[in-house]
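There are structures below to look over.
Next, two complexes with chain A in common: one pairs it with chain B, the other with chain C.
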Partner chain A sequence: MKNEDRKPKGRVGEFIANFGWPRIIIAIFLLLLFVIAPFIGIDIGTSLSDMLVRVGMNGILVLAMVPMIQSGCGLNFGLPLGIIAGLVGAVTSMEQNWQGLFGFGMALLLAIPLAVVLGIIYGYFINMAKGDEMMIGTYVGFSIVAFMSMMWLRLPYKNPLLVWGFSGTGLRTTISLNGFWMKVLDNFLAIRIGAHFFFPTGSFIFFALCCVLVWAFFKTKTGIAMSAVGSNPQFARAHGVSVDRMRIISVVISTVLGAVGMVVYEQSYGFIQLYMGPLYMAFPAVAAILLGGATINSATISNVVIGTFLFQGILTMTPSVINGMLKTDMAEVIRILVSNGMILYALTRKGKGMPK
Partner chain B sequence: MTNGKPLLSMKGIQKDFLENRVLEDINLDLAQGEILGLVGENGAGKTTLMNILFGMPVIQQTGGYKGTITLDGEEVHFSNPNDALMAGIGMVHQEFFLIPDFSATENIFLNREVTRYSFLVEIFGERLRTLDRAAMNERVVQLIKELGVDINPDTLVSEMPVSYKQFTEIAREIDRAKIKILVVDEPTAVLTETEAEALLTVLRRLAAKGVGIIFISHRLHEILDICDRIVVLRDGKLIRDVPSRQSDVKSIASWMVGHDVGDFVFQPKQGCGEKESFLSIEHLKVLMPGEAVKDVCLQVRKGEILGIGGLAGQGKLGIANGVMGLFHAEGSVTLGGKSLKLNSPLDAFRAGMAFISEDRRGIGLLLTQSIGLNIAFPLMQVKGGLLKKIAGLFTWEDEKKIREITTKYIERLDIKCTGPDQVVMELSGGNQQKVCVAKVLALSPQILFASEPTRGIDIGAKHLVLSVLKEINEQEGTTIIMTSSELGELRSICDRIAIVSEGKVAGVLPAEAPVEDFGLLMLGE
Partner chain C sequence: MKQKYSFKGALISNLVPIVFLAFAAFAVPMSGLSIQYLLEEMITRLARDSLLVLSLIIPVLAGMGLNFGMVLGAMAGQIGLVLVVDWGIGGMPALLVAALVGTPISIGLGYFCGYILNLAKGREMVTSYIIGFFMNGAYQFLLLYCMGSIIPISNPELLLSRGYGIRNSMDLPNIRQVLDRLVSVNIFGMNIPIVTFAVIAAFCVFIVWFKGTKIGQDMRAVGRNRAVANGAGIPVEKTRIMAIIISTLIACYGQIVSLQNLGTINTYNSHEQVGIFSIAALLVGGATAENASIVNVFLGVFLFHLMFVVSPMAGKNLLGDAQLGEYFRVFVSYGIIAVSLLLHAWKKRHEMLERRLLENSVKE
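Up next, the complex of A and B:
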């Protein structure tokens, strides 16, 4: 019997038990921030829009955690691999001067095959070190970022808008998407209310589509076999399921989602950050899904959605409210504190929900 | 009772898990040198009662207990196992409490090592005394000899077969100098008959020295054989407390389940299937740790129930595991004239075979998933059943069909649960085993390997599992190969029984053959 399951009383108690105290506390905290905000001169409409834009921006990166968690590979700390694929897709599409939704679509089309290849290689690494997947993932992520830092300088990109002005070779650290496909999803069917409120409909539709696809995948024969590998690899093997193959498929799907998530992130953010940019990008995504109630051996789509909203809400609101009150810029410090604190919390609860 | 005053006395013990009352008003006395048999179905509260006595942390964490425990006339209240150990209570657990990477000696002497003086003690204190390994090994050799088994004191626990682990654990408990009470929780469940006999002898010897013993077991013959008094628990209540002389297997069994149970004897089948072989195993070699198969040749006839018996560690479990591809196997297996690809579970299933694993929790079940998924999984993955196409694109699980089939098997096998969506981990051992059986029934296999299908489950579930096996054999013509360490069980259900000794088939006898013949084969004579 776990402590958290103790005595659910009536409907409220049951709801609390299902939703989990950590999430309720953070949701209340977030609500509190929204209540305080107007009193220190922060516009609710702007804050809300900021939050929604960030949810649309980050949602798919968080979703990229699900397949690997479900197959028992733990949290995908190797997310930078998918992100790199997304970056290559994006800059290659821009190199051709492809614009608008077409440019965005081509970026995805170029990124996905690369993500599949990288995912298969990553999958082999993961299978070599069963039990230490998260450690492997972290270092695979770090290594690819360092390797690509060299490659960005060497790859034969020529478009003057992408490369360093003075030398004519090597990609810039920050590339603006302005004039290419900046905010093509955010602005698609966007809803504007008043001067400040903005709802990025396109990004949400796209996020929802990806969620439905992942959800549907886990209802298929392969998806169910994958979940079985995650909950009991011995069982899966005894019933003729190839454990290694399922794990590689899950890593490939996670990496592809990482690549797609990155392209969506870029269109919303408006910039592409190369070199050390992707180094720590796995951590906020990991923190978000854990905040949403996932553990390192089980995750659902609702964990993704709830976690992304709460995490991005906290990230948007805490710095602006605290900056408003303290008159100093605390944004980065708080972001690091919240995301790493969340990861630490989740990893210490590692055993929860696992059979003995 | 030797001197009127009991050694241990438990009064009015009551324990709740959440809103669930698992023990109610239990009163129990144990005299010096007495062996008390504690019996009850799985979930009757035996283990919980012993956990309370032993001060296991799980009791405190779930809200403690009510009632008093008196040891040697003094009221005690153990809050952790260490206190209980200090007070002279030893416990041999159902799940082994041993360190896998330590040797037998190290485990037995853990935290009470024989030590020698070294000069470092002057500086750093008593904890820096050095270990006297020679003395410890010598003591262990003696202990092991007392137990009547042959364990090398330097063997790592992780490399021992289960029965050796059990003996190591027992050796550790009986070596405590001032042990007053020894609790043994199903010690013989993993032992073969000869090993169990050796253990019972040791327990008798201990009792003669004045140690009070609480003996928990599902094997009623043993209980009757060794115990002075028998206490029967049912649904958390104490049903009977009688001297063993005044009871017999039948009455104990009926007290346990609360109604009369018929004998476990099935009617022998008319005619024993076709004579020619259906499944033919030639020179099978299986690398299964602790149960290695060296060279097995076995012919199975269509429609028969073939039993595989033998002592623990001789390789009887390896045969099914090897044919089904769970452990690396070499040799040739032919099914209905067609050669089977070894080391591939999927090919084994596709050829029409199915397997009930002896490792229920480790291999047999997805503990964290629903009953429905557990039952549907093999059918879905192996035969592509229970799936539906959506818009011609996706192949999806057919939730309606899964629910139907699950409900059907819940009814047929009388699985006690809240519904198809309940998580398997929450079920009792017997009901978990029924899920394993349902899982293979759903496949309607031609050949079913059932390894220890009744191990560690209560009498009611046992009967049900065996009847279902018999039923599918008779009505659907399923050929069954059942492996069990209980010879009596094999004799009650099988047509023929093969005895495995030292990784080879020592002989195949009809089930009606006299017990002594089987015994001789087991001993390899």
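Up next, the complex of A and C:
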């Protein structure tokens, strides 16, 4: 066991080793779906744009997994904390009737400080529970979603477009962003080819920007120290790095990315879903990064990008193709099996255990 | 010094039930519900849910933490019940046949779950949690697409209008409370389902007996320290699989007992919440991921369900909004798992550090 933990970790070697069979199978499956699609009357242009829109929509939420994985905190099942910050930012920005890119920017500005605060608290929890981070994260995430459900009912929002019509208090379950900042990023410099193909340039620029920022962060002194904490805490401690502090910083960054990711998600989706809506939102993001080749203690930006494309590709293509072929809606079942199967695969990989 | 520490430890491990008792003392008068009504509800709910919660004890003994994979057993029980309804069996035989059908399915699923958990040692809880989700996909596939098409279902009333796939919910008219009503005693106007409690008691006796057997002792050894147990010649992986199989089996019977009390199945939802609620209940009863007893089970089911019954009404009376109470109880059931796992992990680390300090001072 001990020797397995200390495998040489060349970047290229690790990437190839991580590109295991589930990824290859899924990639071939996705390719197959794209090949079959035209034969059963599905427009490739539409499918492709659907996939691209969803990649732009979900990418940053997947990116939010990276800092915590790198610092040895495992998969961030506590993503709902960031998501909640994003929701509060969005709703508060809408309350003021802020529109367009300004409204979007203000939502981000409001969400980020809240995410920092929540991240610090969550970070302390994570440090209390070394070795059990994922389980604690899941339930801290669930708890805050339920807690905020009470808050959505009680917080003093007044904008009639946001609250229930008859009582005048309590936010609605689903709020439309139409007229606020719906698709402001998606439509920014968007490329349209023909009637069906649409490329959400703005979302991709924003996603790329976030990826570059995270990538650059891991090149700084703090970033390198963070990775060191994840791969070998004793070594890091011996070099004067505060393990607990690094872990908290990683949790804060993950939570902030979760908040930003949520605001981006909302502008693309066009709706805000409150109450129990965000309960399970961590799971697709976790599945996506694992599908991209990450393990529970190492993740790169390329894992994020590949994973998001593969996972969102499967999610867009399976319903249409399977429905077209079998005339039944098996997409939900396939989604459950693929995403959870992927998480299971990652959890059971030998020699990839967290250092005890 | 040692005395002081163990007192602190005892306080921490009992903090959760203490908090809940305090909450109940506050919320019960607020709800305005009568004691008679509450007692009746508690008896019903103890009969309904204790067996499910009991299924969690054995994996804890084997050091595998809280078995979120118990939902697999619940699924097996539901498959049994669906088939029994289709075959038109009613009354007590129906329950027995459902249990008989559920048994091999549970053993298979338990083996599968145990096998996977052996690949993920040290992360059993989160892994078993994901196994639950994963198998839920397989369960949906089986009931929604295979039943009525590949697996013959003769009763068209069970099927969706499209001709295959089991309907979202179904009544169990011939099964409803057959076990509860087999022999029931009326005390102070409350019906006490004697046979159900006898079944639960039998499983309690089984668990106590099992802990004393050779396999039970092996399990305890595996739970304490896998390396030492392995050195002593105990087949560690086999023992762990065994623990999960027993847990899955009890969960299967527990779900059958629970559904006969309710009298309806929500084919695709009944099992989903079972894991969360059972684990929350056990933790509320003062158990931890490393230590769970039968007392924890009953205390937990009682306190957890007391909160469950009381909080919507208390929320309505206190804040004028029943929906708020509804969310409150969801918050509490998730929060309690988070807090007790957190306290427990913190305590474990604290002990480990203390032990390391002690070892170092001995060395010096």
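Note that in this section the second predicted complex is superposed on the first by the 331 of 356 C-alpha atoms of A that agree within 3 Å, B and C clash if a C-alpha of one lies under 4 Å from a C-alpha of the other, contacts with A are read in each partner's own complex, and residues count from 1 in each chain.
Operating definition for what follows: contacts are C-beta pairs under 8 Å (C-beta built on N, C-alpha and C of every residue); 3 or more make two chains touch, one makes a residue touch a chain.
Please read all numbers here as calculations on a predicted model, not as lab measurements.
Within the superposed three-chain model, A:Lys158 lies out of touch with both chain B and chain C [touch as defined at top].
Contacts of A:Thr220 after superposition on the shared chain: chain B is touched, whereas chain C is not.
When the two structures are aligned on the shared chain, A:Gly240 is found in touch with chain B, with no touch to chain C. Once the two complexes are overlaid on the shared chain, A:Ala228 sits against chain B while remaining clear of chain C. In the superposition on chain A, A:Val140 makes contact with chain C only, not with chain B.
For chain A, the partner with contacts to more residues, out of chain B and chain C, is C.
Residue overlap on chain A between its contacts with chain B in one complex and with chain C in the other: 353-354. On the chain B side of its complex with chain A, the touching residues are 17-19, 61-62, 324, 326, 344-350, 355, 357, 359, 361-369, 373, 377-378, 380-382, 384, 387, 394-397, 425. Residue ranges of chain A in contact with chain C, taken from their complex: 77, 125, 128-132, 134-136, 138-140, 142-143, 145-147, 149-150, 153-154, 275-276, 283, 328, 330, 332-334, 336-337, 340-341, 343-344, 347-348, 350, 353-354, 356.
Within the complex formed with chain B, the residues of chain A that make contact are 1, 3, 6-7, 216, 219-221, 224-225, 227-228, 231-232, 234-235, 237-241, 298, 353-355. Of all residues in chain C, those touching chain A in their complex are 116, 119-123, 125-127, 129-131, 133-134, 136-138, 140-141, 144-145, 321, 323-324, 327-328, 330-331, 334-335, 337-338, 341-342, 345-346, 349.
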